[in-house]
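Okay, so here's the structure we're looking at.
Think of it as A, B, C and D in the order they're written, each chain with its own count starting at 1.
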Amino acid sequence: VTTTEFPFVIRDRVRFRDLDSSDHVNNSVYATFVEQARVAILGKGTGFILGRLELDFRDQTRHDEEIEVHTRCSRMGEKSFDLEHRVLASGRLVAEGRSVVVGFDRSTGRSRRIPEPVRRMLGVATANPEPA
Amino acid sequence: VTTTEFPFVIRDRVRFRDLDSSDHVNNSVYATFVEQARVAILGKGTGFILGRLELDFRDQTRHDEEIEVHTRCSRMGEKSFDLEHRVLASGRLVAEGRSVVVGFDRSTGRSRRIPEPVRRMLGVATANPEPA
Amino acid sequence: VTTTEFPFVIRDRVRFRDLDSSDHVNNSVYATFVEQARVAILGKGTGFILGRLELDFRDQTRHDEEIEVHTRCSRMGEKSFDLEHRVLASGRLVAEGRSVVVGFDRSTGRSRRIPEPVRRMLGVATANPEPA
Amino acid sequence: VTTTEFPFVIRDRVRFRDLDSSDHVNNSVYATFVEQARVAILGKGTGFILGRLELDFRDQTRHDEEIEVHTRCSRMGEKSFDLEHRVLASGRLVAEGRSVVVGFDRSTGRSRRIPEPVRRMLGVATANPEPA
């Protein structure tokens, strides 16, 4: 997988508190790693909510490992889009994920169209249909 | 949905620390709620690993709300099974989830067959095929 | 120690995620237990900040144990007060703590006098001097 | 404060999940930052337990800020020692802390003498008396 295919990359490092009693990174922390990617791309509190999260666990992650989350937009719809994530620890694949992000207007409490600047920034020119 | 259909129920309560800057429960905490269900059913550290986690977020959850996670086994395979979860806050549905649990032998580092007592406990008499 | 001496009691339960790789509750989670007490007494976001936290760890806490935090106001000053906490797990003392809570006006970013209703609620009739 | 005075320095970065509903880093996360320092210095699970933790909160910390924890050994006793911590965010002091670390033999469940190599590594030649 090349950088071009997953253009957004964030880095983090495993903390001792990320481990659970198995001595490996707890599954919920992968949701946090993937959230770091979303927040880096979309900002914090800017009109989106997370509709769905999928995580496939590929390998255990240990204390103090260097984390990278590689992300790309794999679907753009009218009011939602998908981010596909690859979580690497010390360079090996430890999880794959998918975030379904929904445009949301907090003032009305309703979903809203994904704005053009966000579409351009995500590099998806043509809107694909919503998922079944 | 009746209790019979989701026979395993655990209860929890939202802590202040479960909130994020949106003032609602952070998405990663739903992974923790669902983990509470898995650990209550399967025990802690007893030959299973989490292969995949899916979460569909249906509503926001607020501070101090009472949480229930209702769980059933929705698929039993040779070496893995699915748990289907419904997360309720103050009685309303806030998330649905699915855990793919894989039998795992830590001494060999390999997957293993789901033992009969676990199959009986999960109330799944007939083994269904693995997912595609 | 009688209930009268520590009039505020909250209950919680250890989650699997509260454990670290020692298989016991991580030290930072005691800060969360004590925060649950503060938020139950003072509310959430109502003009106070935490100035100092002290925790003395007396015993290890394990998965699924029932937690109680017993709290009393042990000092009332002009612009700050102390809460003294006793954290029990399955009835035994596992930690003692002290929170120094400071009155804070978010609109001005300055400390402020502890209001009379809070003083009465905390059951401290006479204001003691600030700590040295 | 010079590097010589606080010889141990670790770096971290604020995650979105570290924030609470005040939009600032939650107090329990400072315990995690300080734990990162202890684990970097002492290793993970190597014969020490945390006896006491003190945190003085000096300023709010925001999302994505660079964290440094500067640590020195400020007291060495027979069976315990103190680590003094300064937590910086984007270079400004946000918290000061103290960890009382106790030598602990997990096989016997008892305290034990701090080994010479640890004393040397902490740069404290002369053993001071235990705290009152």
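To be clear about the criterion, contacts are C-beta pairs under 8 Å (C-beta built on N, C-alpha and C of every residue); 3 or more make two chains touch, one makes a residue touch a chain.
Please read all numbers here as calculations on a predicted model, not as lab measurements.
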Using only Cα atoms to place each chain's centre, name the chain farthest from chain D. B
If more than half of the interface residue numbers appear on both sides, call it same; otherwise different. Which is it for chain A and chain D? same
Whole-Å separation of chain centres (CA-atom averages), chain B against chain D: 36
Chain-centre distance (mean CA atoms) for chain A and chain D, in whole Å, is 32
Determine the centre-to-centre distance between chain C and chain D, using the mean Cα coordinates as centres, and give it in whole Å. 22
Mark out which residues of chain B touch at least two other chains, giving numbers and ranges. 16-17, 21-22, 26, 28, 32, 35, 44, 63
Looking at which chains touch which, would you call it a line, ring, star, complete or other? complete
Residues of chain B that touch chain A when the two form their complex: 21-22, 26-29, 31-32, 35, 44-45, 49-57
Inside the complex, what are the residues of chain C that reach chain B? 12-13, 15-17, 32, 35-36, 39, 44, 63
Would you tell me which residues of chain C are touching chain A in their complex? 16-17, 19-23, 26, 28, 63
